[in-house]
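There are structures below to look over.
Next come two complexes built around chain A: one with chain B, the other with chain C.
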Partner chain A sequence: MANTYTLIASNTLSSSAASVTFSAIPNTFTDLVLKMSTRDTATTVIDRATRISFNSAGGTPYSQTELQGDGASATSQRVSFQATNIEFGRSTAASATSNTFANIELYIPNYAGSTNKPFSSFSVAETNGTTARIRAVALLFSNTNVISSLTLTADTAFIADSSFFLYGIKNS
Partner chain B sequence: MPATYEPIATTTLSGTASAISFSSISNTYTDLRLILVPVMTAAANLYLRFNSDTGTNYSYTYVYGDGAAAGSGRLTSFSRIQPYVGLSTTPTLVEIDIFSYAGSTNKSVLMRQSRDLNGSGSTNSLVGLWRNTTAITTVNLDLSTSTFASGTTATLYGIKSA
Partner chain C sequence: MEKVIIDCSTGEQTVVPLTDEEIAELEAAAAKAEADRKAAEKEAADKAAARAAILAKLGLTEDEAKVLLS
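Take a look at the complex of A and B:
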């Protein structure tokens, strides 16, 4: 049987970049999985928001419900009717332990379907420091178009060696 | 490269259904992964069971956030693993990993539910246990009330370690 978990594209940065885009995503898979290892160039903070957008969509199609633990407490918050892009995780930043990167996985089911697109994010940024965050985020892209491109945007810029792997999964 | 992540079976509902099950699961994989994208016409609890066992052989610990508060809880010696699946005419996402399902030890489960509805919703994660040492050959997804609506999809994947 053919392997149905296939690498579509990847990008490991050789220099910093404000964003990374995967375009011309084929519609031949059932689901998408995106695995990222990221660090932001932002200064004076331990982490910064990392955001996603699809198809350069207009309007306010993005929303999320987030659960976060930081080693001391757990909190939940929500963002609705968001334009441009939506935060789905946080990348480590300059005040975090050096050479530590956040690890984030996104799961996007039925990305080529004609319904609104729910998706999930799970991210960790452990640094052996006084604060680190673990996040589980439920997200929704309220748009019925096929997802053919996605852009990941840093708060400031992703540093070199940040890596991004986009996989496609087939259910048959 | 050998295939290590294979679809075992998939269901896309063209009408309503009160339950979804995957049966006759072969023991040739290491782990199972089930991706459920439910559409619900009314709120319900999802009942996850294995091999149609309705005994009090399940337990789970969960953590959740609903956009305002976060919390955690536990149920032991329960008759199912029971995450909440709220009303949603928009598809949501449930990811279920079942580890060493064909082994001879008790079976552990990792489940994540992502249900954002643009103004409401929740995210839940849980770890579950089925205290049974037989191989899992059937995965049962039932509902406390209501039905899965048309458009609901469920796919069971098998993952091989080699």
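Take a look at the complex of A and C:
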């Protein structure tokens, strides 16, 4: 059970940005938690994909299994062995209610270990409408290196006031 | 288009313009992600339509089919 919860770094965007990278992450914690409040500049849709990558890793190290519902339908899908980065949540986008942001939490256990890295995310792309997407995703980063950097990439760009908080958790 | 880099060891935050290669990667990843999502949603919709058609042929409601299969 975690008994510490330390803010490592945070950022609230002052202008739009295509991606946000946390580099030089200390390896002194047990787990990482990332909390995000994001909105994408993409037009004509109520939400858009938000993706993650670690350590600028090459190859095809990313896989995910997701469950998704929006109040009208439910789906699931599996994506295996993807290169570059992988979708882990949806950010609210331009067709959603003004000034609403998605809530996303990402949990990365044992990020400093020497095994492959399973992790998970939970996201809600908010809007005041009849449908809004909620997603739970189990992900895998098939790489045994310590995670020392992570990059969050918008589909188009994160708007100003999107915020990102990276926490470290220790189990002792 | 720009990217933000936060150095967790110093707290320093820098804003860097994307290279042409990074812009191309961003666009390609976005296109693939949306194509994958549309394919998954179409598959789910096709399955639901096929199920509804079968139930209509049998003259059963969704709840009646669940009772039969439980």
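The criterion applied here is as follows: the second predicted complex is superposed on the first by the 169 of 172 C-alpha atoms of A that agree within 3 Å, B and C clash if a C-alpha of one lies under 4 Å from a C-alpha of the other, contacts with A are read in each partner's own complex, and residues count from 1 in each chain.
Here is the rule we go by: a residue touches a chain if its C-beta (ideal position, glycine included) is under 8 Å from a C-beta of that chain, and two chains touch if they have at least 3 such contacts.
What you are looking at is a predicted structure, and each value in this text was computed from that prediction instead of being measured.
**Student:** Overlaying on chain A: chain B and chain C, fit or clash?
**Tutor:** Overlaying the two structures gives chain B and chain C room side by side.
**Student:** In the superposed model, does chain B or chain C contact more residues of chain A?
**Tutor:** After superposing on chain A, more of chain A is contacted by B.
**Student:** If you stack the two complexes on chain A, which partner ends up touching A:87: first (chain B), second (chain C), both, or neither?
**Tutor:** Once the two structures are laid over each other on A, A:87 reaches chain C alone.
**Student:** Go through the superposed model and pick first if A:166 touches only chain B, second if only chain C, both, or neither.
**Tutor:** second
**Student:** With both complexes overlaid on chain A, does A:75 touch chain B (first), chain C (second), both or neither?
**Tutor:** In the superposition, A:75 touches chain B and chain C alike.
**Student:** Using the superposition on chain A described above, determine whether A:13 touches chain B (first), chain C (second), both, or neither.
**Tutor:** In the superposition, A:13 touches chain C alone.
**Student:** Between chain B (first) and chain C (second), which, if any, makes contact with A:49: first, second, both or neither?
**Tutor:** After superposition on chain A, A:49 lies in contact with chain C alone.
**Student:** Would you sort A:4 into first (chain B), second (chain C), both or neither based on which partner it touches?
**Tutor:** first
**Student:** Determine, under the contact definition given at the top, whether A:24 touches first (chain B), second (chain C), both, or neither.
**Tutor:** In the superposition, A:24 contacts chain C only.
**Student:** Between chain B and chain C, what minimal C-alpha to C-alpha distance in angstrom results from the superposition?
**Tutor:** It comes out at 8 Å between the closest C-alpha atoms.
**Student:** Considering only the contact definition stated at the top, list the common interface residues of chain A for chain B and chain C.
**Tutor:** 74-75, 77
**Student:** Which residues, counting only chain A, touch chain C once they are in their complex?
**Tutor:** 8-9, 11, 13, 15-26, 48-49, 51, 73-75, 77, 79, 84-85, 87, 153, 155-157, 166
**Student:** Please name which positions on chain B make contact with chain A in the complex.
**Tutor:** Touching chain A from chain B are residues 1-7, 10, 35, 37, 63-72, 90-93, 95, 112-119, 121-123, 125, 151, 153, 155, 157.
**Student:** Over in the complex, which chain C residues touch chain A? Could you list them?
**Tutor:** So the residues of chain C touching chain A come out as 1-11, 13, 15, 18, 22-23, 25-26, 29-30, 33-34, 36-37, 40-41, 44-45, 48.
**Student:** Residue numbers of chain A touching chain B in their complex, please.
**Tutor:** Spelled out, the residues of chain A in touch with chain B are 1-5, 30-31, 63-69, 74-78, 80-81, 107, 109-110, 115-120, 122, 136-140, 142, 169-172.
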